[in-house]
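By written order: A, B, C and D. Residues from 1 in each chain.
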Amino acid sequence: MSADEFEELSHDEVRNTMLPPTPEEEAGLADLYGRMEREHMIPLWTQIGDLMPNQPSPQAVPHVWRWTSILPVAEQAGELVPVGRGGERRAIALANPGLGGRPYITPTLWAAIQYLGGREIAPEHRHSQNAFRFVVEGEGVWTVVNGDPVAMRRGDLLLTPGWNFHGHHNETDRPMAWIDGLDIPFVHYTDTGFFEFGIDRVTDEATPDISRSERLWGHPGLRPLSALQPTVNSPIGAYRWEHTDRALAQQLLLEDEGVPATIEPGHAAVRYVNPTTGGDIMPTIRAQFHRFRAGTQTRTVREVGSTVYQVFAGRGEFVLDGERIVVETGDLVVVPSWTACRIGAETDFDLFAFGDQPIIERLHFDRRFIEEENV
Amino acid sequence: MSADEFEELSHDEVRNTMLPPTPEEEAGLADLYGRMEREHMIPLWTQIGDLMPNQPSPQAVPHVWRWTSILPVAEQAGELVPVGRGGERRAIALANPGLGGRPYITPTLWAAIQYLGGREIAPEHRHSQNAFRFVVEGEGVWTVVNGDPVAMRRGDLLLTPGWNFHGHHNETDRPMAWIDGLDIPFVHYTDTGFFEFGIDRVTDEATPDISRSERLWGHPGLRPLSALQPTVNSPIGAYRWEHTDRALAQQLLLEDEGVPATIEPGHAAVRYVNPTTGGDIMPTIRAQFHRFRAGTQTRTVREVGSTVYQVFAGRGEFVLDGERIVVETGDLVVVPSWTACRIGAETDFDLFAFGDQPIIERLHFDRRFIEEENV
Amino acid sequence: MSADEFEELSHDEVRNTMLPPTPEEEAGLADLYGRMEREHMIPLWTQIGDLMPNQPSPQAVPHVWRWTSILPVAEQAGELVPVGRGGERRAIALANPGLGGRPYITPTLWAAIQYLGGREIAPEHRHSQNAFRFVVEGEGVWTVVNGDPVAMRRGDLLLTPGWNFHGHHNETDRPMAWIDGLDIPFVHYTDTGFFEFGIDRVTDEATPDISRSERLWGHPGLRPLSALQPTVNSPIGAYRWEHTDRALAQQLLLEDEGVPATIEPGHAAVRYVNPTTGGDIMPTIRAQFHRFRAGTQTRTVREVGSTVYQVFAGRGEFVLDGERIVVETGDLVVVPSWTACRIGAETDFDLFAFGDQPIIERLHFDRRFIEEENV
Amino acid sequence: MSADEFEELSHDEVRNTMLPPTPEEEAGLADLYGRMEREHMIPLWTQIGDLMPNQPSPQAVPHVWRWTSILPVAEQAGELVPVGRGGERRAIALANPGLGGRPYITPTLWAAIQYLGGREIAPEHRHSQNAFRFVVEGEGVWTVVNGDPVAMRRGDLLLTPGWNFHGHHNETDRPMAWIDGLDIPFVHYTDTGFFEFGIDRVTDEATPDISRSERLWGHPGLRPLSALQPTVNSPIGAYRWEHTDRALAQQLLLEDEGVPATIEPGHAAVRYVNPTTGGDIMPTIRAQFHRFRAGTQTRTVREVGSTVYQVFAGRGEFVLDGERIVVETGDLVVVPSWTACRIGAETDFDLFAFGDQPIIERLHFDRRFIEEENV
């Protein structure tokens, strides 16, 4: 067989061409495998196909969580479970059905709905894990990050990079729920995490409209001379909806004027970045926002790395490895690595997205395949 | 409680201060948790201590594999198991006893003994996984990497970075065994791997003393004008023992002359690097070589990231979280993340080491703690 | 003499300790020096003090140009000199009195006042030289950079990085004058420049309020997915006064609240940066804006590299190598390399600044000395 | 005229299409220009063609210095001029005939022949200027760089990066001459240089065969764990001829075997690099070595930046802007920026080269034009 033919073969097809062992060989192998087990050794040849598949073969599966289902669960938890020291947060993880009951939405990422009742306080702690919050509805909570109070409002992305003390407090009588994204699974898997408790309340109970980080950093193309070194994480604590909305609207207007601005027709998109480097907000998590004109269909893309989408507004569909899922505001969809993904917009359609691509790219495992370009 | 006191507390200590639920609360919680399970949701508050421990709490355990035990297993496999298409390699993984029977020496790393009988050929394939081989004894095999035949000899480090076709052939009548190191577990976990079969033999059966990559790149401080761009992986196919040995010997001689050269008294060390960047040889794997004078004791170091050592020559000890392991030539020791590690040299003592620190550092999770400096 | 004593000596002091030559030596040297001249050779030993002074010894001198003096000159040029193909621009360079009549404000930098009469057009061209414009008063001109019309208004910084076609047109009946900054001297000196003529008018005569580059890039912490690669130059065509003003005001407010934000008490400052890297706007030119509270005095700083300041608002003083210069709106001051510089604010005081520090820093010649810290 | 036509035009051709001024206009202009002169202002429109030529138009000219002419001058200086404190070095600069009598071989670079008599010592000093030495013949001198004695032998490149104390001492009774390369003109022009005297002898008079820097760093692909940070300058003090020669020989052998290794047929070349980054040895100076088989002709290349070549062995020719210069061992040739350069080898032909390309590239002014590819 030529190399070209082999490249087309899967491990299973190759395995089927091998001769089965004789009974004596079976006995010898049994002895050998027993000895290996005692020595904490495992042969490659019996499991290479599982260990090194021809292409990524995730255990995680595509899945959708409906906002209309998860919000009531969070509300019920709000009635039954206190928030405070020990449990730390009233956060409920979305558990990928393929990942064996672990609270992981993908092998690397955690996504949860967090719920804070009126006047409640989630006490301060800090950890190596990088975190963000995204608000699909509501307001009235301040998250206090490293002493800086950050108002949380609809459409905002709020950052809590690793090892910053943080707590939340609700200044209203109404509960508020939002989405947390973290790299908990990755940090757990790589044994890289540290955790410390902080004070039982928050270190600054002020309720300013914008955070100090925004006052210092939220000016396009300008950086303070008092902070000129690149930082690992973005120094911006809050990416406000008004900026995201305006950036996306401008891309579509520019497209209307014939200027290159969108990534494909009818599809505007921005990446949230660290202004000290122009790169991703945190070393393990990418966050982006997509806006589609009604009727837009993306191309079908496979990419290494996993992504979670939350519908922010409108109605549309995901076609994932050929399966169609219709989604509406608040619904969350997970797209595992190398899943073929096409997105369609029934109405004007706004999507928040986060993924583990910074991990993939920093380690040079990134690959991307667009089906329509490879027919 | 003040923040300082809390920082000292573990999750378990904090949890014990919480009130137990009443029977009605128990019932409500049971209903809530059932509903969560149906919705693929999992609460954070019941498992935060396991998910986010105060410091890394690896499942992997420190362990030693004796060369005198694993080499005979490989020899027995040599008699019973053919090498060829399908099984691909007669490689036997060292399985960390803490990792539940998976063929992983740490969560991120694969270490195996590979055995090739006289005149045998391991056919070509390529994969995303990054690989190296290190030779503790023997010679006579050529590994052909991307068409370049690379002789394997005692003390050499040979690279097979991701997506290079490679196969091996033994030009002698004697078997040869060596150590393979790869990032198979990490690639499997992150769903980033691709695999392709190549030809059934090797693409170039020449048996040169040194590889073409060495002829082009093996000149200190010089690079060919025909290849000026930085590359993701080192372009050097073989790091020869004579260079490693000489570099280490010089460090100890310089130390004798009072010149700063070693990393602590009696402890010389080099890192294998990519000459196009000065950084690690591959994006996921670090490789280093340590030489200790007889009688040297290192400080006790904890660091984020896991390391595997193979004794190349001499006799010494590892003290891992207080447990002492005496080792000799060929023995392999695994040191999981954040394990307290002290190394002592009974005789002059040479150690090859590899680890996942490039992953940790590129994602900014690196931390290091030296007990003697923090008393 | 010990090394320490020598370090304190200047070349002149050392030279005075050498014996004068005898008449025979004089004759031999005359013969030698004549032979050298014929061979295009020059001895080091006779000029090392000039070539390699103990510290930078610029030919450029500190100097001030008064807005009330240079604006009338530009107005007179507006009456006498047409703008158009050939002369290209009605720009009048500020010539450092120390630089021998060359049109350079420092050895590396060009600063000019440019004047465009009502309804005039400066035709398009492009060149390797990097350029910016800063507007101290007036409005009504659009600069068209690479086809993108950019309105020029008071307080704005407008970029024309190397090799972008650009022209200007005045849409009003009133003239407008502004400051041009370029690296013309550096490019001339290093023989790195190319120049091409473009069309006689401008490629897009639209007069939008903001440029397309701002619509795409002027959103803090957000970048378009359609442009993810880092670029050599900032993609932002206009840095608007409203953002600069707000960023500076916030720094002073934060200072009032006790939050670290200013670089010294009463001294707010921002750097204009390339959002794709967080670094300087162009490879050769740094631009910054300083705001001082009335009564503020800076420390006395020497730094390698030269800087030009223009007063944007208020009244203050520069003390340069001990000489005091009082300045008001529109005045331009040049501070050569290693000149001791202290700035004082009589009123609230706004200063625009540009310099060649990116050249200095990329080549690792940067040094900084603060007199008050080294007493 | 269309843009395309304009792009082809030179400034002179454009200027000739402008109308000459009337007598009244002449008078007004005279008044204006007088006023400008008093205000230290200079119009752009009268000198744009000189300031911003269509392509680099260096004052420096191509030139050759014969080894048979410059070595005797150095020998005569050896008889007449002492070496010691004050004059510092018996170095004689090659002065480009186009640069108006300044001791510069190009606007940015200094090249000199340095001559040290038997048993002489050149005392220690340090300066911001980056320096190297290249030895075309002789041996017996040690240059002591930052306390590390470095033997100088035929074919070696020795580095003295900025701000390292250094002196030289001749341990033999025979004189020795070599070539110095520095960035003196660039540092002078940019006002970036500092200088300090050191001790009158050298700090370490040992005469080891190789330097401590080589013992620590001269091992291909290996770096000491005691020095893991990237450094601005190469930590290697000496690039030995045996390595350069072997690297070049291997490239030609690989070419014979059909393996890509040379940059064009018969033309092997290496760049001397900083092993901590893979980049140039120092921030302002590039050094390379070229080897041509007898009969090889390069393509005709123009590039931004200036280069100096010294013939190390063999006989060949430079064709510079069409002028042919035949050269032999020791001859030095300067190629100013954007000069069309073709090199031909009459015999086997070895060339050392250095240039200012790191300056050009770090500031993004690099351009390259190969005539044969653009016919």
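To be clear about the criterion, a residue touches a chain if its C-beta (ideal position, glycine included) is under 8 Å from a C-beta of that chain, and two chains touch if they have at least 3 such contacts.
Heads up on the chains, UniProt names are A, B, C, D = Cupin domain-containing protein.
Please read all numbers here as calculations on a predicted model, not as lab measurements.
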Can you check how far apart chain C and chain D are, centre to centre, with Cα atoms defining each centre and the answer in Å? 28
Chain B and chain C: spacing of chain centres that average the CA atoms, whole Å: 52
Think of each chain as a node with edges to the chains it touches; is that a line, ring, star, complete or other? ring
If we use the touch criterion from the header, which chain pairs count as touching? A-B, A-C, B-D, C-D
Partner chain D, residues of chain B touching it in the complex: 212, 215-226, 228, 230, 234, 236, 239, 243-244, 246-247, 250-251, 253-254, 259-263, 269-278, 281, 288
Give the list of chain B residues in touch with chain A in this complex. 1-3, 6-7, 9, 11, 14-15, 17-18, 25, 28-29, 31-32, 35-36, 39-48, 51-58, 60, 63, 65, 69-70, 73, 76-77, 79-81, 85-97, 101-103, 107-108, 112-113, 124, 127-129, 162, 165, 184, 187-200, 232, 283-284, 304-306, 336-338, 356, 358-360, 362-365, 367
